[in-house]
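Just below sit the structures, each encoded as structure tokens.
Each of the next two complexes has chain A plus one other chain: chain B in the first, chain C in the second.
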Partner chain A sequence: MLALFVARRILVSIGILFGVTIITFSLLHATAGSLVPGLDLSTTLPEDVARIRHNLGLDLPLHIQYLNWIGGVVHGDFGRSLIDGGPVLEHITSRLPDTLQLTVTAMVLGIVISLPLGAIGAIRRGSVLDQLLTLLSVLGVSVPSFWLGLLMIMLFSVTFNSWGLPWLPSSGNQNAIGGGSIEDRIEHLIMPATCLAFTYIAIWSRFTRSSMLEVLNQDYIRTARAKGMRESRVILVHAFRNAVFPLITLVGLELPGLVSGAVIVEIVFSWPGIGRLLLERAFQDDYTMVLGLTTFAAILVLAGNLFADILYAILDPRVRLS
Partner chain B sequence: MTAQSAPVAARPLGEPIRGQGYWRQGFARFRRNPLGVTFATVVLFLALLALAAPLVSRYVTHIDPTQQDLTVIFGPLGTKGHLLGTDELGRDVFTRLIWGSRVSLGVGFLTVTLYLLIGGTVGLVAGFYGGIVGELLMRLVDTILAIPVIFLLILVTSVLPIHIGPLHIEHDAVSISIVIAITSWGGVARLVRAEVLSIKSREFITATRSIGATGTRIIVRHLLPNVLPVIIVTGSLGLGQIILVEAALDFIGLGVRPPTPTWGNMLFNSQSYFYHSTSLVTLPGLCILVAVLAANIVGNAVRDAFDPRLR
Partner chain C sequence: MASDFESKSKQLGAAEWNRRDFIKRVGGGGAGLVLGAGLFEFLMACATSTSQTPTNLTPKRGGHLVEGAASDLGSGMNPVVNNVTFDAHVQRLMFASLVTNTANGDLIPDLASALPKISSDGMTYTFTLRDGLKWSDGHPLTAEDAVFTFQTIFAPEYKTINSPYRSDLSSFLDSVSAPDPKTVVFKLKRPQVSFTAIYGRQMLVPKHILGSVSAQEFNSGSFNRGPSVTSGLFKFVEWVPGSRITLARNDNYWAGPTLLDGYVYKVVANESLKVQQLQTGEMDFGRITTGSTVAAIKAIPTVDVFSYETANGVAYVHQLDPAKPISKIFSDKQVRKALYTALDLKGMNQVYLGYGKVADTNWPYLSWAHNPAPKVKYTYDPQKAGQMLDAAGWVKGANGVRAKSGQEMRWELLTSASSKEWQNAAQVMQQNWKAIGVEITVKALEFGQLNQVTIRDRNFEMSMAGAWFVANLDPDASNTWHSKNAGKGGGNAAPYINPAVDSLLDQAAQVSDQSKRKPLYAQIQDILMDDLPTPPMVLQPGFFAVNKRIHGMGPNEIGYFTASSPRPFMNKVWVSSGS
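On to the complex of A and B.
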């Protein structure tokens, strides 16, 4: 039964992936047409233009181009960049670790900070502290991350530097000259990761709070208190553990964000990850690259959803029976 | 005057009882939420300010948002004639911020309207008719939702301008609205469809069907009024998000482009001038924050007042 469920979900995902590639491919090629980036049509001989386009396969009918491309994708070949000729997949895999370094750090920070904040908010419900935390989380989902990033750079890089205080580097993931040590990398990671974690903290602490409030009203909590258990033990062992479970699925939903969640923050802090790669190549009309990155991101989203669905099915038998 | 305080029994036949309807109750609940009312006023004020931008230019600051004055570049706050200072070309920041609100709020409201229309229609049709069409529509929704929004937006905006017949989609506010709307209606469609599916099986729909009502009539007269709360709540929760997304697009250079001043592209510009002026960085961001915060708080208040599932 579970195998059948999984097989069906995988088939549906593959179908959706084909839909994604058709939409993105036709969008890019219908609008960009047979454009070759960097080719100045006014100074290039028509036969040279024709030859270059032929070499890149851009003179074939659109559906043939698509079939050629998708045939490659199925075999793990996303084509070559129109700018530097390098394999698209190699570009992606070389940038992926940097993005993951940033997003994983931010998510871990988010979990570590939001869980206690949310729990405290629930336990001290209605107190000044709780209201402050509520305000903070509303601010957290409303503040533009790119502005927050700029403010951080302005304060911790520019102002601290001018005051002679220890300051944080504002861009990149390591120093260009003599960089790459652990300390150097951590120094570079602090600001972008904090900036990115801010939103996670805002959302997850709210969720923990309401989940904790719900649990605190349960009968078994009353029972635990009634039998004279210490309040700290009631909270930590009985309430908190149960309140955290729903959060696991919420964090699971953010899995695709590991790759696509940091685009804006990467751009603000010039972090050499997937998002910056996408923007750079989009500006340079490197369509194969943009197409490859988008397809890659969609694969991860679908894989994430699939993973969550299967996990649900294993944990909750009702899902796979319906 | 006395008619209102008259006992219910004295009410003329056929006149509906006032003040008991769903919307009235919702509005009453909304009015009892001081935070919601306060920030609804803020949103309204910002919207009015945005509409009045040309008037502000003409009668208050006496200056155009793009008018340069190289004798007063990087003027600090409170410079004579420039309340909020000037930028690197001596343009008046206050005037530019007001004009910027036009783009942010304009795109916000237009996009929300558009995506509610698209998502609502798709959700209603897919939910009510089901079958092959419904299935195909929902697969389309799955497909759109499978691409991270920011990737899809960068992909679409990077190939602008697009010309589809008489429609020219470029880097202007209306175009960006359309682009954001067509990339983000999937969630609305899903919500509306789910709601339709649950309402469709209720008895009053069966009853309507049994007296021979057509599909269109059932959708327009019976389903739409019942899914309207979901649509409105989704829309009001989405406004802040759209303002953020639009500003982010301007900031990375793919949204509304200069010379049109927007909060996002003013921020983009300010990055190069950290050492000259901090207010160029703080002010546009503050505007975005206030607008988004107000929209989010109003959205939450609207949800609390109108979401049928919370009652």
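On to the complex of A and C.
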């Protein structure tokens, strides 16, 4: 029964994946700004453009181009970038670690900071501290990350630098010259990761707070207190642990964001990740690269959903039957 | 090739603006930037001045430079197949050519020991290479490399190689040969005076590396993403796409190794980031594209900023195709003149904060072919413009818009969504023309789309255009005004068809004596200024910022022709402190 369910879900996912690629492919060709990406049309004569298009296979009918491409994808070949000729998959795999470094750090930061903040807010409900935390999370949700990023750069790079204080590098993931040591990479990571984590902290700490409040009103907490258990133990062992469970789902929802969630922060801090690559290449009309990145992201999201579905199905038999 | 001059590429401005303006376009970040800029000035005011490092004037070996550039490469590092503007900037730091040029556009020998000997019939060009030339791997660089490079560009057996200049070069190059390892001989089918300026500056590729690879490998192989062997100032080290390219000294460079250990070409996506990184020293130097940024950079004590004249301009193209209804308005020369007379070009220069220059012909002032005494001149005079339109039969209707036989003077002006300056200039045009009873709407398109609509589809009424000025070392402008390029996809977008101009352009392209060519171009300029198919408006200024620790890179070395590439002076540049 479970096997049948999984098989059905996989088939549906493959169908969706085809849909995504067909739509992306059509959109890219419909909006294509230049005849040959990576070619300066103003200095190139039409005959040369036609010849190069032919060499690249861009003059084939669209459905043939699509079938050629999807045929490659099935065999794990995402094609080559129309801009620099490099294999698309190689580009993705070389950039992915940098994006993950940023997003994973931000998420870990988000969890480590938001849990205690939320819990404290719930325990000291209505206090000045709680109100401050509320203000912080409202800010976190409403301040756009590109603006926060620019402000951080202005303060921690430019101003600190001009005041002769230790300052943080404003861009990139390592020093352009002689960079790459652990310290160097951490220095570069601090600002973008904090900037990205800010939103997570805002949302998750609110969630922890309300979840914690709910748990604190439960009967078993009253019972625990009634038995004379120490308050710290009541909170840490009984309340906090139970309050955190719902948060796991919330964090799980953000997992696709590990790959695609950092686009804006990557741009503000010139972080050489997947998001920046996607954007740069979208501007340059590098269809194959954009197509590859989109498909790659779609696969990840679908795989994530599939995983969640299967997990639910295992935990809750009713899902399998519906 | 020619494409490395910024204005030769219509896409240049776009490529830069795209990225600079990106953050503004993502969710209205403009407010953030504006606020950021204000805050920046405030912080600058608070900042105590950084103590300056004492300058030591003896050139010193060692250190790196970090150039901040608005964009990453648009295709790759193989100078035969990758022709996007930005690519040449990096390519020319790695690959030498037979000849190169100085800041004011003079040709000077590079790998060749002197400028070419040209036969009296103008059909044979002979270059002699310097002694002892070597590629960075120590392999000798010979005439065979030049022959190979040119054959991949034009020879029929290499047609699967994606050289963008095959049709152009094969239209006049008959053969290239190497009678001995130091001599390269080009035989032309017909005289082509721009040959040295355009193709003499073609960067050479190594035959011993690329001579045996497949066309596929040549077009898109690993060499294009990181050349294993170079001949110029630097060797390739690393390319992190969208982020930076790292280069290291080439000890085999013919003019002697650079004083610098290395060079980093770093993508600094927008102008405010450039200001920040110049301030922190994360970026050493680079071109600055907006006048408004210059003030902020001037306030940085460790950085010098200066301006230079360019050949980049803003012009507009009338739709002159008789099949298009709008051409009924534009086909009348008096109307075109009236419209031009109504434009306040001095006012428009404020778009560039007054640093630009009002154009007086379609050739930039810094070209030797610029006509110093144009016969046809225009002064801003809205009243006269109105009278001219009245005389041409376009009279104001009840709604204030001029009309003639039922057709109103209304059209759509296309501009670039990626350039704020162009959009501002479009507004000036809209206001100026509104004052004389002409209603236009302005539509901003992404630059790629703008190119497609004007160059490929020809589907426009009036379009703003950059680089309708000749910006190459050679003033041949057949691409823009010759009727042979009037078809879809050609550079003559109006299209402008004038047999007199065609024949003058053809003549001028075959006379090798500069003093005889100059009057021909002067004549073309006079005709164009009288006909006004693509009236020139304002030439934009260029700005360059350099950290004071860098020596040998100032207004003497940096001009329009060297601001991006080539930078033949680079082997004398040195740094007095820091990394």
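General remarks:
The rule we apply is simple: the second predicted complex is superposed on the first by the 304 of 322 C-alpha atoms of A that agree within 3 Å, B and C clash if a C-alpha of one lies under 4 Å from a C-alpha of the other, contacts with A are read in each partner's own complex, and residues count from 1 in each chain.
Following the convention adopted for this analysis, a residue touches a chain if its C-beta (ideal position, glycine included) is under 8 Å from a C-beta of that chain, and two chains touch if they have at least 3 such contacts.
Just so it is clear, the structure is predicted and the values come from calculations on it, not from any experiment.
By the touch criterion defined above, A:Ser171 reaches chain C but does not reach chain B. In the overlay built on the shared chain, the residue A:Asp219 is in contact with neither chain B nor chain C. After overlaying the two complexes on the shared chain, residue contacts for A:Val158 are found with chain B and with chain C alike.
Counting the residues of chain A touched by each of chain B and chain C gives the higher count for C. When both complexes are overlaid on chain A, the residue A:Ile267 reaches chain B and chain C alike. In the superposition on chain A, no contact is made by A:Glu183 with either chain B or chain C. Touch criterion met: A:Leu277 reaches chain C, while chain B stays clear of it. By the touch criterion defined above, A:Trp147 reaches both chain B and chain C.
Within the superposed three-chain model, A:Leu27 lies in touch with chain B and out of touch with chain C [touch as defined at top].
The residues of chain A shared by its contacts with chain B and with chain C are 144, 146-147, 150-151, 153-154, 158, 264, 267, 279, 283, 285. On the side of chain B, the complex with chain A involves touching residues 139-140, 142-144, 146-148, 150-152, 154-156, 158-159, 162, 240, 244, 247-248, 251-254, 267, 270-271, 274-275, 278, 281-282, 284-285, 288-289, 292-293, 296-297. Those residues of chain C that touch chain A in the shared complex are 1-3, 8-11, 15, 18-19, 22-23, 26-27, 29, 31-33, 35-36, 39-40, 43-44, 46-48, 50, 64, 66, 72-76, 82-85, 159-160, 162-168, 215, 219-221, 224-225, 240-244, 246, 262, 264, 266-269, 272-273, 276-277, 279-282, 446-449, 451-452, 455-456, 467, 479, 487-491, 579. By the touch criterion stated above, chain A contacts chain C in their complex at residues 33-35, 37-49, 51-52, 55-56, 80, 83-86, 91, 95, 144, 146-147, 150-151, 153-154, 157-159, 161-164, 167, 169-173, 176-178, 264, 267-268, 270, 272, 276-277, 279-280, 283-285.
Looking at the complex, you find that chain A touches chain B at residues 12, 15-17, 19-20, 23-24, 27-28, 31-32, 138-139, 141-147, 150-151, 153-154, 158, 256, 259-260, 263-264, 267, 275, 278-279, 282-283, 285, 290, 293-294, 297-298, 301-302, 305.
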